[in-house]
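Here come two complexes built around chain A, the first alongside chain B, the second alongside chain C.
Moving on to the complex of A and B:
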């Protein structure tokens, strides 16, 4: 047996769009389509025109080639629509590739969405068996792992309660617990960390590194750069369906931030039905104007403009600030400014002022966060804005570190030297 | 290793039996969840049917059967013939929409869609077994008849299962691409029902349309149910051979067609 767990060669997946607005058709439409299609074809043949242009299509995935060695933890990063989820779907054999092929050595398990396959009327215990079976576990295997799953999910007292009465947290923990205890050689996990609170995320990450330590191969899609950096042995960066690079986590994360961060984010599209909140703009300004780079010694302002469509309670709006290596520097919410985050519908502008001489010169990334506390994240799309700080110090003394506060130093001579000169 | 087409498909069915079992349970429990008497409803429905038929056909209309038939009791004769039809049409009809109900699993998990129609049949089979028990009890009480030929019933259920699942696979797969399938199917099933000797005897079919019976696998199964439940006759070996051939052919053909259609499910659902 070779030590390659997954070998992907020239993988491509094409989806047809436009001409198939409704992706399924009724019989009447099919018949009408066949009739009008053949008429059109006959007419164009008579006129000597080329027969019908192929329907418009997009390649969700194209020319993707890479190997994953056994025991590796491969992170998959990229913007929304870069083909990350399609890649996982093709690898899990849920959908067939249009071209190329993927060799997979070993039993594969996947968790593309937390809680699919749960039946709300059935109890926690029944759902563990049901979900386990869907994921491909044998009954005896589930029995063996049962106590561990229950302990992970912390639902001992509620095992015989229908899961429709579970809290969101219990539901998520149970779903992740079942998937994480799968005894498969390869585990594919899609952005499960986008849901759930910090404690849940921490638990999941812990479990995933445990899985990786047992020598199993993990493919893991995430927007959480900190998790990717800490967990993965290598990272592949996807960009509009193609593999933009694969390698060391830090360099891939660097490349991701460099390519995908914008200097300024503006969105004036229409509101979607049922949408609660829309980020309209993210701008970084210094002395009242945007610029390519900012003087690190001067204060700067990060402005977030957003529209609230429904009255919201416990809104958390803010950002994570990352270094270009994906190390989180801090997280900040606009809570303090306007009560405990309750917002009437309207257009808002939140501005966060960062002091000068606070961050070292260098490249940083501001990743937007919007969520309802302990409930859910509002924007699944990750908006990332780049922040370039430049300027040089007066002296040539080296100051390592991410931060460079001056510190409030006071120097005084408080006594005489103990050795006489 | 020599492998005939579809062997992987079949192994999958066997390997995922625990999933199959879970799906059957989920389907069955879902039907009666929250109801007080639960599964008893699957006995009450056929019982009411049987009592109404007795009232209409024996008491009011006084329907008589020909001397060649296995019994003179029309309601029980009708009931025995209706049982396999109900199992068949229930399976096929519910199979046609079953993949849409499981769309979430098919697009989001590594999920063998082919087990779903099988699970639909097995869960219909539970209701069928209860109705069958009712039929055996009614025949024993009313006609004082109990035949050892009952041991053949499971064999026919198995063959009917192969046939129904085969057709179930085809309609389930088609429905994903063409949402009219289930409507077309229910129209066809109405024709099929009346062209099968269930309400009428085979002798009442005019000579010119007898081919409807000889070419209809359901007709053989209906006949076999009546013989095994109501007479002491040994089922005819020729009939059994024909039904087996139909069942096996439909099952394999359905499986091959389904395996082919399955490729596009996740993209279309």
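Moving on to the complex of A and C:
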């Protein structure tokens, strides 16, 4: 008798390289390939060379083995490309594993995206049913929860309006509303929280912890360490397709910040149509250069590089700084430099200088914030950069606390002893 | 315990038969069709069909009229050029109703072929995010065309009244004949949709295939131009059977296509079963390729 909900054994998934650049072929190319292939084979036979060269491939997932017990909320973290999403895709049967196997004990549902299959021409009501069915809900289940979904999404008056007329907020609320009411014993969730404004994210997070508390088994892939820490009972860390460790949330998250968290975030992708602002880079530097860890006695600079595509009013740009176990240390915006920011289109760099001997040695992370004051948040995903502070001297000792300001001490002899020796 | 896509459903030992155990592994060899699983997903099939139908009539200028315009105008052109000018024989029926009775099932077949072969690529956002038997997607595309067929049938009934064609008991054959058209369309659609995921130039071949197929189907001309046994063998094209069947069942063309229909049914079933197995075999790589 076991209480295992998900058992994964030696799971591996191999992709052919180049399949990302051009994933499909044309019939013409295949036919030409057959012809030239046999020519090449004939030629290499004549030369006595080995005939077959295996196509270049990459293991997106390899040798992954773990169990998830019933009722456990397992977080999956790791940097981009570590295999988190591939793991989820294999477990949700979207793609087949190349080797190994997994066993799922119980009804499983997966949320890899909110609003999968939403059709803009259909009304809110029609989309609830369609999306529910796509997520694997029975019609009776949807009917039963219909009112709750509508109430959660706050779209009562617009139920019979095509969702293409919805605001982004309404659309997201409705999409998440359906997803949040998926009542399977096992849930696979991929960063569905990384959408919407702060209030909506809070609402979603609240709903997620409700789900987690009902004893359902959840596998939760996220970059949001804060959410992972709050929701998960254990966390597994993925590193280049393999399982690097599984354990207590805090220790896994620390391990992530210790070795996997990017000390730098760079995005050089193309601008999306209608985008206002794109964070291009977040860098931490000391004495003008980036490094793996920073001397806590020296000042350091947190630089945010961003591109503004539309003129923006009241731009707020800054970050929250957290300790590795999620205690917020402070929040800082670049307002101080220029007043309430208005920005013409262009490429900008905002730098925040933190003094030395301010934070204790340890692991921290910087979570980026970008928004229009009292209007909305701008950056879609939570950009997080790890920060490791250490002392380079032998004599360094651990003091309790988060801060280590050098207090301005003065010592003076102010009188004689009250009791003479 | 091996079945489709490497997934098999068994009974969990832990919870006295309540928790099904799903085993995810690489599928080997010829996969089973997984009809049981298809049945379990029937509600999704229904919702996707409904979606296809609704979306087709929303946001179009003429809405449901399109279901009629296509066969009606083809009929007008055929009547003028083939009926009037080329004097193509029409089994002693008025040429307009002779060709329209064929164009109704033909249009259904051609549209189903077209929609289903593009359906998988068009649903890539679903395929890469959610699991369900992929067979549902092209099937929904074909089935949603039945509404168009129904609307076109109403026009056909109007024409029958106009030309004073009486209804006979054979009219009941329309149901199995429509089923045969569905099987043919889905069968070819399965082949083409799976091929289209792997080879994107299939999309360009589809209109050509549809056009070519119409010329080799007795839509504009009667199959009675052929002598036996060629006429019966003509049934290897399943749409030949369907089209002649429609004329016989509705208009009482005295060309009872019995043996031809038998051949057509067999051919259609072979295409469907072959297509389903091919589709199943390709299915596992759809999400990686699409």
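Here is the rule we go by: the second predicted complex is superposed on the first by the 284 of 421 C-alpha atoms of A that agree within 3 Å, B and C clash if a C-alpha of one lies under 4 Å from a C-alpha of the other, contacts with A are read in each partner's own complex, and residues count from 1 in each chain.
Simple rule for what comes next: a residue touches a chain if its C-beta (ideal position, glycine included) is under 8 Å from a C-beta of that chain, and two chains touch if they have at least 3 such contacts.
None of these values were measured; they are calculated from a predicted model.
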Combined model on chain A where chain B meets chain C, clash or fit
clash
First, second, both or neither for A:138, with chain B first and chain C second
both
Report for A:411: first if it touches chain B alone, second if chain C alone, otherwise both or neither.
neither
Which chain, chain B or chain C, ends up touching more residues of chain A in the combined arrangement?
C
Where does A:419 make contact in the superposed view: on chain B (first), on chain C (second), on both, or on neither?
neither
Once chain A of both complexes is superposed, is A:110 in touch with chain B (first), chain C (second), both, or neither?
both
By the touch definition at the top of the document, which applies to A:100: first (chain B), second (chain C), both, or neither?
second
Would you tell me the residues on chain A in contact with chain B in one complex that are also in contact with chain C in the other?
15, 23-28, 30, 89, 92-96, 108, 110, 112-113, 116-117, 119, 121-122, 126, 129-130, 133-136, 138-139
Please name which positions on chain C make contact with chain A in the complex.
5-7, 12-15, 19-27, 43-44, 46-48, 50-51, 54-55, 58-59, 125-132, 195, 197-202, 284-285, 287-290
What residues on chain A touch chain C, complex-wise?
1-3, 15, 19, 23-28, 30, 89-108, 110, 112-113, 116-117, 119, 121-122, 126, 129-130, 133-136, 138-139, 162, 185
The chain A residues in contact with chain B across the complex are 15, 23-28, 30, 89, 92-96, 108-110, 112-113, 116-117, 119, 121-122, 126, 129-130, 133-139
Listed in rising order, chain B residues that touch chain A in their complex are 16, 18-19, 21-23, 25-26, 29-30, 33-34, 104-111, 176-180, 184, 263-264, 266-268
